[in-house]
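Note that chain A is present in both complexes that follow, paired respectively with chain B and with chain C.
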Partner chain A sequence: MAYTPQYGPGTSVVAENRRRQMNPNVELDKVRDVTDEDVVLVLGHRAPGSAYPTAHPPLAEQQEPDCPIRKIVEPTDGAKAGDRVRYIQFVDSMYNGPSQPYQRTYAECYRFRGIDPGTLSGRQIVECRERDLESYSKWLIETEMFEPALTSIRGATVHGHSLRLAEDGLMFDMLQRCIIGDEGVVTYVKDQIGEPLDRAVAVGKPLDDAWVKAHSTIFHSLVGLAYRDDVEYIEYIQRIHSLRTKYGFMPVEE
Partner chain B sequence: MAKIERSQKLFLDALKEKFQGQDPESVKTTFYNFNGVRQSPRKREFMAAAKGIEMERGISMYDPEHCHLGGMPMGQRQLMTYEVSNTGVFVEGDDLHFVNNAAMQQMWDDIRRTVVVGMDLAHATLQKRLGKEVTPETINEYLHILNHAMPGAAVVQEHMVETHPGLVDDCYVKVFTGDDAMADDIEPQFLINIDKLFTSEQAEVLKAQVGKSMYQAIHIPTIVSRTCDGGTTSRWSAMQIGMSFIAAYRMCAGEAAVADLSFAAKHAGVSQMASILPARRARGPNEPGGIKFGVFSDIIQANRKYPNDPARASLEVVGAGTMLFDQIWLGSYMSGGVGFTQYATAAYTDNILDEYTYYGMDYLKDKYGFDYSNPDPAATITPTQEIVNDLATEVNLNAMEQYEQYPTMMEDHFGGSQRAGVMAAACGLTCSIGTGNSNAGLNGWYLSMLMHKEGWSRLGFFGYDLQDQCGSANSLSMEPDRGLMGELRGPNYPNYAMNVGHQGEYAAIVGGAHYGRGDAFCFDPLVKICFADPSLTFDFSEPRREFAKGAIREFKPAGERSLIIPAR
Partner chain C sequence: MTEAVVDYPQCRITPLRMLKPDSAEALLNEVVKIPGIRRMMINGPNLPRTVPYGPARGKPNPNSNRKVIMVGGSEFELRVQVGTMIFEVLDDSVTEKIRALCDRFFTKFPYQLQTGKKYMRTQPTVADYAKYGPDVDPNLIGLMDPRNKEGPVIIQGR
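And then the complex of A and B:
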């Protein structure tokens, strides 16, 4: 029987947006352009143009053990080259940031290979080989997974996802890694760990409220869609909980 | 589920005080203009104190404007004050770190330094083996001697060193019994008077549980249990008990019967407050990780003082439990971190959990006709899965909506772990109070966690991926190493052992099941009676009020050392 992922329940726009982000067969809208160098600058792991530091020799140059799994799994480009493992970490505002921590993890697991995501309430990190990371990061920044004011790239000191927004609409960041300029364009003046950049990286203008609301993946009764209005979603969670309870209890079926 | 109207918002006053001049329902505010850490009087006090210390010792110390993120100090947003829930007392967050709060320290000191020791075995030994007469008069004399000896004074031998009474003034022993006639014959100074301290219904049940037996409620000196550990308590106590029996009953110090008395005092007749922990957590008895949730709910006395408000009683357990289990046990004993305070205080500040819990109480009344202010086993609701799902769903949805409708409250509980613990606690308490079943309460907790995670696509820190994702499956299980009734679970229970923001709430959920029924005790009547004693330094019927007193530096703890150190 062929398995067809359902990605999640729900009849609301929020539920549908979640499924779109997760489903690798859906091509998400590209909303902005950033250069490869821009990505490298914001990540802050290596200087633009420098060679990738390696953790081991390229796979082709080292003796690989006779392992059936290695024959099945094609290494990513970064793994083949022996890149070190580095990260990108996102902070998503609860005021309709277009992606949210678990949503990011689920989407990345469906769409990327060779990754190690970590999910918390205020941040979501994904780690992988460096050149793979740069490619994934570009996609995560350029598509509708990212909104300049409500999504932020922060390696440390991530505080802000649940705070009110600043008067200019930006999510709070005590390090103020990005600022909004006179033209209304959001630019990163520090890399994700907070080191000042030699040149600013522009990530575009914040999108309007209508776009933000239409692309939201978080239920929110004040600025978006109330959770209780998606009855199918609620019932689905109750069903999962009831089944887990019942079979954890290990009853004898009568 | 169906939303009910509740116009009272218990958290609003706190939000207005914390965010003065701001609309608590606005989504936008101003940042980066608060003058960093200097906006906080407490941080300024710390900085000034550190300067003096540095001058004196010649080693650098607290320097937040240089050391925090290479010169980017905290305080780019407003450093909030907090109201200790239901007290009206606003404090700085720093004042709720246990190092800065003498009441918090004393609460744990008072638990760790306590054991309950039965007298029946000792009396049987004296009467049957030695033929000694035991009467109320001899018991009173024994207690007089024991209250001399327990703080560290000699009773038998010549030329002994002793402790200064001024350093150990919190150490004493009282007794209690279910035998009214015997209780009447005990000097009032030595008696925990069950009839006076509990409601008549509670007293009747407790006395029936104790029966004609007599127990000693023993509190060794705070300074001893601090210098040593919880495992010392029964040893210190047993040593003084043995010596006092020798003195009171004129026994031979070396006769074999003394061993029986010692064995009874150290092992056979002793109730520890906490059981010993396995080697990987490496603590003796009477350390926080071994306290069963049922026992902790008995230690806290709010249901004795507020028998008709099981929500209030449970919220006091939350406050005490998160302080002990999150701030002290997991935060310092197990992890060594300083930041755990921030997790714990969310559950007992700004009346937020209080509001969510009373919403649950109103929902119980509105939908199921359960009047929480009239606790009665016969009135509790049969805990079916359908009802637990309904209660937890509605209480959780309401809590999420409150956070959404009041962005300042979301900012108050700025971390997902804070919100997760608070929302799940409200759900668990509603289920346990309404059904009188602790496991039903735990089950409601886990539905809250799943619902929270799906609604906001986030939960708490990594640890929430562990116990809260699999908790549904163990919440009703009774299988060894997988499940247990709530009363017998504890901080060392599998899956509960390493996760901040849970254990205090679990303890309250267990307590709530009994408070909702109007039970006199949750698990151990001896513990319930022992901590009702008004002579204890910490008032266990009002832990949150005590913490507030500690925060504003009005709580007077035990463990004084100024008698033996130079004046400052």
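And then the complex of A and C:
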């Protein structure tokens, strides 16, 4: 019988959202439009319209060793062209942010090729070849894995994911990379490391409370769904905990 | 010898959302009209003048939340996004007046008012002693961050 991945346990809406994000066969809703130039501006790695700087000559122009793995694995577009490795880093608020670091890493590993994600408690970074990064970033910003007020693109100085939201609903950002205008549209006025942009990049209006709760992948007993309310999830985590504890005593199977 | 310190009651306002400078100014201007507040402190995450980490380290950090506000006739620049406000008051009746004010003020989102005695320090720590010496003004204990080079703002009140 062919193996069908389950992606994760749980019967709650949070568990279902986690599975939706991870499953590459599920096409996530596109919530907003950003242009390629917008993405390049926010990333801040190169000037819009400039050529991609390279780390090595294109693969077609260089002699590759005779390697069976290289014959099996098709290189990504960025690897073929010899692009530099660059990054994007996301911070998601614990107040019903649409994703969270582990979730982002799982989802990206299932959906993208040629990436090197880094998962931390309050931020998640993904590194890959520059032109691959731009297409992945565009997808991550346009789909339901991004929420203008509760998700933020921050290369450095990321503090804010666990803090109370500000009065206008934005997650705290020491560098105030994005602001909310009079019409309620969130615009990035600085790139991800905090340098002012030549022009502001709009990423749309924050979504309403009902949408945010329906698309959350974070358990939160105060503003969303409590972890302990998802019995199946608790059962799963207790099983893992029990097994790894027993393994610590080197049990011998009889 | 350490002199006996009178423990005045303290209270702490924690709104559900962190306040913008305009709201904080409006609230504080109402609070300073209440007689019987000895000391007051604003807490929250830091808003640095320059970018503290990363490739842009040392570059200016324009931030509309780091704004000059006027409270009780004194002008000062907010260095933090206002998260909590701590007050040391003469007696519990003052706390109740602050509570009544907050009930009127916070209409868009809730707040929490906690009462106790240890939200700000009343006795010098070793770090205070090392930095300010044995004759530090007891009114300033707990208001100053010994690591910070900028001193506290003194609002004379009325």
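As a working rule, the second predicted complex is superposed on the first by the 251 of 254 C-alpha atoms of A that agree within 3 Å, B and C clash if a C-alpha of one lies under 4 Å from a C-alpha of the other, contacts with A are read in each partner's own complex, and residues count from 1 in each chain.
Definition applied: contacts are C-beta pairs under 8 Å (C-beta built on N, C-alpha and C of every residue); 3 or more make two chains touch, one makes a residue touch a chain.
Here the structure is a predicted model, which is why all the values come from computation and not from measurement.
On the shared subunit chain A, the superposed partners chain B and chain C overlap sterically. Contacts of A:167 after superposition on the shared chain: both chain B and chain C are touched.
By the touch criterion defined above, A:155 reaches chain C but does not reach chain B.
Contact with both chain B and chain C is seen for A:176 once the two complexes are overlaid on the shared chain. Between chain B and chain C, it is B that contacts the larger number of residues in chain A. By the touch criterion stated above, A:227 is placed in contact with chain B alone, chain C being left untouched.
In the overlay built on the shared chain, the residue A:136 is in contact with neither chain B nor chain C. In the overlay built on the shared chain, the residue A:218 is in contact with chain B alone; chain C does not reach it.
Legend: residue contacts after superposition of the two complexes on their common chain; A:196 is shown touching chain C, with no touch to chain B.
In the superposed model, A:237 makes contact with chain B only, not with chain C.
When the two complexes are overlaid on their common chain A, residue A:249 makes contact with chain B while staying clear of chain C.
Taken together, the two complexes place residues 157, 159, 163-167, 169, 172, 174-176, 194 of chain A in contact with chain B and also with chain C.
On the chain B side of its complex with chain A, the touching residues are 1, 3, 26-32, 69, 72, 74, 76-77, 385, 389, 393, 397, 400-401, 404-405, 407-408, 410-411, 413-417, 419-420, 443, 446-447, 450-451, 453-462, 465, 470, 472-477, 479, 482-483.
Across the complex, chain A meets chain B through its residues 18, 94-95, 100-103, 118-122, 157, 159, 161-167, 169, 172, 174-176, 194, 217-223, 226-228, 233-234, 237-238, 240-242, 244-250.
Within the complex formed with chain C, the residues of chain A that make contact are 155-157, 159-160, 163-169, 172, 174-176, 179, 193-196.
In the complex of the two chains, the chain C residues touching chain A come out as 15-20, 23, 45-48, 51-56, 59, 61-65, 81, 83, 108-109.
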